[in-house]
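Same chain, two partners: chain A is paired with chain B first, then with chain C.
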Partner chain A sequence: MQTTLSPQSLGRPGFRSDLGALWAVVRREWTIFRRYPSWIIALLIWPLIFPMMYILTARALAGPDGSGLNVFIQTTGATDFIGYIVIGTTVWMWQNIVLWDIGFALRNEQMRGTLESNWLSPTWRFSFLLGQSGPQIISMFTFFSITALEFGLFFGVRLNGSIWMILLMMLAAIPAIYGLGFAFASLVITVKEANAFVFLIRGLVMIFCGITFPISILPGWMQSIAKWMPQSYLIHGMRAAAFSNAGITELLPDLLPLLGFGLIWLVVGYFTFLWMERRARRTGAIGQY
Partner chain B sequence: MEIKTLSQPSFRTQLRALYVIARKDWKVFWRYPLNAVSNIFQPIIWITPVYFMGKAFSTNGQALGFAAYSGTGDYMSFILLGTVLSNFILTVFWGMGYALKSDMDAGVLESNWLTPVSRLLILVGRTLTSLLTTAITSTVMLVIAGLLFGFKPTGNTLAAFLTAIPMLIGLYGFGFAFAGIVLLMREANTLVDVSSFLVQGFSGSNFPVQSLPSWLIPIALALPLTYGLDAVRGWVLQTRTILPLNVEIVLLIVSMFVMLWFGAWVFYKVEKRVRSLGTLGQH
Partner chain C sequence: MSEFAIEARQLVKKFPARPGTGDKPVEGESTQGPKKKRWQFWKKEPKTMFTAVNGVDLQIERGEIFGLLGPNGAGKSTTIRMLCTLLEPTSGTAKVHGFDVVSQANDVRRSLGTVLAGERSIYWKLTGRENLEYFAALYHIPQPIAKKRIDELLERMELKERANELVEKYSTGMRQRIAISKALLARPPILLLDEPTLGLDPQAARNLRELIAQLKQEGHTILLTTHYMEEADQLSDRIGIIDTGKVIALDTPEGLKRRIEQKEVIRLEVTGWHDDLAEKLRSITGIENLMTRQQGEADLWEVNMQAHNSRTAIPRIVEHISGNGTRLVNMNIVKPSLEDVFIHLTGKALRD
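This part shows the complex of A and B:
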């Protein structure tokens, strides 16, 4: 009797082997993350001290008698200026961390000397990037929880809205935030040095997206630029969900553009990756650094 | 014939070593011109949200709440001056520790340490170029930010400059102590980032310390930097100072001597320990 074997190995990749590779990358990143416990200290400290500098400046602007605060309430409609600032600065930190973590994911592999050998494996190469995002998203949601906890405990920030609506806004932002990170990662591999680009992108978010102020206060031309940045919608929507008890209907004007930008950035991120992959094969850039 | 070489150190050879260190750093800095551009625009980017936030707290362009604390409603001049001083504080305070760390990573620290040059002089040498480049980039930053946000000095700039000198010299003491910690810990990035943020924050680089919550004010008042920033602003912007200006200047001069002595003491203590452990070459 003759038995015909149909070997399914990594040398003949299929959907299952791709999933296996993706899972391996996720596990590796999770192991690396746990190996450096100094991250725990950073996770506890940064959510507090970065917004604090803006909060203390806002406190000074409010004045001893709160006269400035009344103007702020009239301008923004927000009674809790601390919560208002915390949401803006946390979104900024999210984008900043994604740029460093996901944006430099391939570059770090290149520096460690493992990118070229990984590239030779018969796997879906985009899984190298996608796999890094899983643990990163988990660590970011831990970061958000710690932020909420710390500002609730130390500054008395209380949410008036639904936690589910806030979560919905954040989930809707994932494609845009990480899509930008994917595009960025591919560019970093190409240009090798990208600190200046990180400074540029996070600077744009800082200036145009209203992390500490309402966008309506910006000059008209700056407001036009802000409309093209998904982080503007995320910050606006999260503030509405957290402090104005906005429901899904009120959030739609922020949710729809956010999802639209998410789709665009995912497509841009994926195609930038494919372009980089082709270019790297042609020029041998993967092994150079 | 008397031969004068580095192995027979004299005042002249020490000065020459200082010059060589500064020249090397100058060359390295200008090899990466994007760094200079970044040094100019980074602070502007960071204070832009404060500019617009200030507008949300202001009536007819006047931040009256801010004026009640500081004595001036011109919050942008207040913050810009704080940003320039913070640039210098960063250069002196953390620059030496960072320089040691980068020498460790480049693998040249041990060989530098074998040269017959005073260790403190090596540290001071690493700040000379950065002081000059900080002066250049901060001036350009101030001009650009002045055009964008407005910068209106109304007082005595020369007196402010003279007041800043003991503050900066005193910072060298802090810098020596911090460099010692870097030698010992070998990895101090989180420590640097967090402590620089806190020190700058609590010394009032962006706001008058009087506006801090009452339980944080003692921390601010314990930092000599607080009086330096306050006095310089008092001279340039004629803000209301925490203590009379002459008292703040005396405090700065006294703390300058104390910090220099304390910093050098900590550094030599740690350096001796690191030498006995033999961990200088490790990173």
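This part shows the complex of A and C:
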């Protein structure tokens, strides 16, 4: 047999190259996201639709003269019941969208047929999940900004706290919310169909985290469960930052558990990913549709 | 560095058999645990294992094109997926470019260019150029080198004019060329091409075969799987035939054909074919490996069979076929092709 010189690989492995690959995933996701223009409509309409359901229910329950609202204000301590509801429902939507977007990110690649070609490259595989989160975080922060603008314009909701404190709460929540998404994404690749889990998790957030009511009205055992859910601290802290002008000291009881849960969920997310990656190599799950 | 580009020794892959999918343990495979008589809620059913690859040995030399052929479900894809690190072998070892597929998986990926799912392996919502830029980053190619390399590949694949259009607007052939460019980006020494001409029109397939031959000239080792026997015959230096998880033959195309050259292949074209005729023809002494294939929509059937002595067999064949609405339209005695070798060895056509 004729012997020829093998071509030499052009790849240069290293930390910088892995960062470059991560950035490429972010750019790819952003480019694809921009090419589906329907997201503009979703970004404009969804911030209004979901909270409206609860706001209108609250108005109906308050009676024709709105007297019932005083009871709500006494229970919650909030002066603006619309703002109170909007923060809870928007956090719920954040977690919900992350479960669908990040949770199904690998599964969607698998269905499209591109997961294997990504998996075959010598890059750090967690970057495929991490990179997808970048554009998702940007779109969610835009979602929050549009929510604030629309409710300010149409319902006169005014933030009387520091925008920086609200932002701080949101940033502190990213590890917990996305860590859960990473763990979820790995499970979805394993079980293939996980819609029921999304419904379960978002149902739990809806009931236990007080998206439209204070956790204090829940029975004791439910309040104990709420303490184990990072979304409870995020909703509570954001309400305090937005409407009670809470500073960093007042926010610490919410910030610290949120960061703690963030660390836990990131670790859980990463190790679930490693477990899935290992399992997929044994079972061939990556190539199965 | 290892003497071989790809080397597999006693490679085995077992999967848990999935109920209802027809996964059956292959010969010699037994189920684990005793047979249960009664279902018990608290006890797990013992797992039945399905052996997809059963002791494959391969030594692919540097710079050769190696064709891996096998009917569907023979273990071809599982073998390839183990070699490119998507699957971990249950036992046995495999090395690619001298790197172990389990303990040095990342080095293996760096040495391999793969075209696995063809046109589905790239992003249709990105342009051709964006796809290549993305994969260049995943393969850790520094940006200035990547830019130059992408331009070279787009030029070579005749895609430069349309490089900035979305891939969803490309033809299947163009998408396949982007998928191949992706595999060539990092100039990997070994290329793994799984059905590279599937779905291409004849001209595009011919161009791609020429490209594969050029890549060999440039020093790439190529592991090729294909459903097109002529393609394997034309391109491969050596061919491995895999069936029921084992390599049942490995030789040059000529060497394989020599195995049955003492046999003749009788090719008939008949109308009014019915299934019990197959049994009658098979009962003729010296006739084996009978295969039928309907020609298009019309009631015209091609019947291929291998014979030790066509002179004694033909009168009996004609006797069976004449009458009962069956009519012999054409008959040829041809030299055995690679496909006939395949049928002789596996008892199946490649597309079975």
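The rule is simple: the second predicted complex is superposed on the first by the 277 of 289 C-alpha atoms of A that agree within 3 Å, B and C clash if a C-alpha of one lies under 4 Å from a C-alpha of the other, contacts with A are read in each partner's own complex, and residues count from 1 in each chain.
The rule is simple: contacts are C-beta pairs under 8 Å (C-beta built on N, C-alpha and C of every residue); 3 or more make two chains touch, one makes a residue touch a chain.
A quick note: this is a predicted structure, and the numbers were derived from the prediction, not measured.
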Exercise. So, does A:119 touch the first partner chain B, the second partner chain C, both, or neither?
Worked result: second
Exercise. First (chain B), second (chain C), both or neither: which does A:241 touch?
Worked result: neither
Exercise. Now for A:24: first (chain B), second (chain C), both, or neither, which partner does it touch?
Worked result: second
For this session: Figure out whether A:148 sits in contact with chain B (first) or chain C (second), or with both, or with neither.
Result: neither
Exercise. Now for A:91: first (chain B), second (chain C), both, or neither, which partner does it touch?
Worked result: neither
For this session: Could you say whether A:49 touches chain B, chain C, both of them, or neither, answering first, second, both or neither?
Result: first
For this session: Could you look at A:130 and tell me whether it touches chain B, chain C, both or neither (first, second, both, neither)?
Result: neither
Problem set entry | On chain A, the residue positions that both chain B and chain C contact, one per complex | none
Exercise. Within the complex, which stretch of chain C touches chain A?
Worked result: 5, 15-16, 61-64, 78, 81, 84-88, 97, 106-107, 109-112, 114, 116-117, 120-123, 125-126, 130, 133-135, 137-143, 145-146, 149, 166, 179, 182, 185-190, 217-221, 237
Problem set entry | Of chain A, residues touching chain C in the complex | 1-14, 17-18, 20-21, 23-24, 27-28, 31-32, 35-36, 112-114, 116-123, 281-284, 286-287
Seminar exercise, completed: Per the touch rule above, chain A residues touching chain B in the complex are 38, 41-42, 45, 49-50, 52-54, 56-69, 71-72, 75-76, 85, 88, 195-196, 199, 203, 206-207, 210-214, 217-218
Seminar exercise, completed: Interface with chain A, chain B side, in the complex: residues 34, 37-38, 41-42, 45-46, 48-50, 52-59, 63-70, 75, 79, 190, 194, 197-198, 201, 206-208, 211-213
